[in-house]
Amino acid sequence: MPYVNIKVTREGVSRAQKAHLIKGVTDLLVTVLNKNPATTFVVIDEVDMEDWGIGGVPVEEWRARQSSST
Amino acid sequence: MPYVNIKVTREGVSRAQKAHLIKGVTDLLVTVLNKNPATTFVVIDEVDMEDWGIGGVPVEEWRARQSSST
Amino acid sequence: MPYVNIKVTREGVSRAQKAHLIKGVTDLLVTVLNKNPATTFVVIDEVDMEDWGIGGVPVEEWRARQSSST
Amino acid sequence: MPYVNIKVTREGVSRAQKAHLIKGVTDLLVTVLNKNPATTFVVIDEVDMEDWGIGGVPVEEWRARQSSST
Amino acid sequence: MPYVNIKVTREGVSRAQKAHLIKGVTDLLVTVLNKNPATTFVVIDEVDMEDWGIGGVPVEEWRARQSSST
Amino acid sequence: MPYVNIKVTREGVSRAQKAHLIKGVTDLLVTVLNKNPATTFVVIDEVDMEDWGIGGVPVEEWRARQSSST
């Protein structure tokens, strides 16, 4: 009876990729915990870049810093 | 001081239906747990069909399978 | 296919009260949105008093202030 | 390794305000718990007014009532 | 920069099974979306049986009904 | 009317530190968005170390690797 929530930044995740995530997570729960797929929910949230922070700054600024530091 | 989050698939839930859900859940918490409505929050999330998985597939595919199997 | 999460402070909610909440929320989703109970999940979280803040303070301090101000 | 989720009503929160929230929360976790900013995530959700309930009604109705009662 | 939350009923999930879930979900996000494991969080919540409802009843009652109906 | 959820690993966070987090986050929402503290909720979740994954492994293993790699 699992419920899985996947949050990723909104950067053009396709329908096929979402379907792949849903299948992969469900299969994993069947394999590891013998869960029933019929009562396994997966909910994907795409989060706008300006709404995701890491390192104290929005994610785009974080990535810019990471690239420039290498 | 309850916080309730309701997630449903995005399929044309009306404002009136949302207001009905908010009232119904709040009344329930008052009745069952004697909570104060003034500090009871209800947050509704409508989730796009392609972002909701069940049975290892996106919900539309799941429903199509259920119908065809009957 | 709804998923509902109810968070309340941990103050001795009984099994019967939890069952009442589960039934009440599920019935509401059937009534308002014609959802299928078999694919409606309700998850209840009891949150320790020291982990819940309102008005900038832990909830017990908040309640003490409210009472003393009346 | 903290994860922080901030939900607010959608009422024109600017990019600068979001960046301010991200910085403020991250700094707080560094100050209070000595967390590493590089593994501190902040996710902001703006929730449509009709999707947020308080006092058993949608938030706009709640605010209208509060104003008229003063 | 994904964040994944997995909720399952509390029924003796072992440390090894949790590690398996963490690895499996992280690998999936690398494979499907090319995400960086170093900024991929997985948080597992075990939910007490009395706190999980399906079909309008707590999960143990639901399972008892399913078995007796076959 | 904000709702904030803070998840941290369970490593002996004290009541005073929790109260500090609650006050800090609430003050931030007042400063940045002019929110009303009386309708600002903060919920803190402490997550067991074995339930938090990063880099595809449980957090303790991750930390051990990070230290040994320096």
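A, B, C, D, E and F are the chain letters, set down in written order, and residue numbers restart from 1 in every chain.
Note that a residue touches a chain if its C-beta (ideal position, glycine included) is under 8 Å from a C-beta of that chain, and two chains touch if they have at least 3 such contacts.
Everything numeric in this text was worked out from a predicted model, so none of it was measured.
Peer 1: Which of these, B-C, C-E or D-E, gives back the C-F interface, meaning over half of its contact pairs coincide by residue number?
Peer 2: C-E
Peer 1: Across the interfaces D-F and A-C, which one involves more C-beta pairs in contact?
Peer 2: By the number of C-beta pairs in contact, the winner is D-F.
Peer 1: Answer with same or different: of all residue numbers used at the interface between chain B and chain C, are over half used by both copies?
Peer 2: same
Peer 1: From the C-alpha centres, identify the chain that is farthest from chain F.
Peer 2: Farthest by centroid: B.
Peer 1: Please report how far chain A has to rotate so that its Cα atoms sit on those of chain F, a copy of the same sequence, as a value between 0 and 180° in steps of 5.
Peer 2: Result for this pair is 180 degrees.
Peer 1: Per the centroid of Cα atoms for each chain, what is the distance between chain E and chain F, given in Å?
Peer 2: 21
Peer 1: Averaging over Cα atoms per chain, report the distance between chain A and chain E in Å.
Peer 2: Taking the mean C-alpha position of each chain, the two centres sit 15 Å apart.
Peer 1: Which parts of chain A, given as residue numbers and ranges, touch two or more other chains?
Peer 2: As it turns out, chain A has residues touching two or more other chains at 1, 3, 7, 21, 25, 39, 41, 43, 52, 54.
Peer 1: Once you've mapped the touching chain pairs, tell me: line, ring, star, complete or other?
Peer 2: Graph shape here is other: it fits none of the named patterns.
Peer 1: Name the touching chain pairs, would you?
Peer 2: Pairs of chains that touch one another: A-B, A-C, A-D, A-E, B-C, B-D, B-F, C-E, C-F, D-E, D-F, E-F.
Peer 1: Over in the complex, which chain E residues touch chain C? Could you list them?
Peer 2: Contact set of chain E toward chain C: 7, 47, 50-58, 61.
Peer 1: What does chain D use to touch chain A in their complex?
Peer 2: 15, 18-19, 21-23, 25-27, 37-38, 40-46
Peer 1: Where on chain B is chain F touching in the complex?
Peer 2: The contact residues of chain B facing chain F are 1, 3, 39, 41, 43.
Peer 1: For chain B, which residues are in contact with chain C within the complex?
Peer 2: 1-9, 13, 17, 20-21, 24-25, 28-29, 31-33, 35, 39, 52, 54, 59
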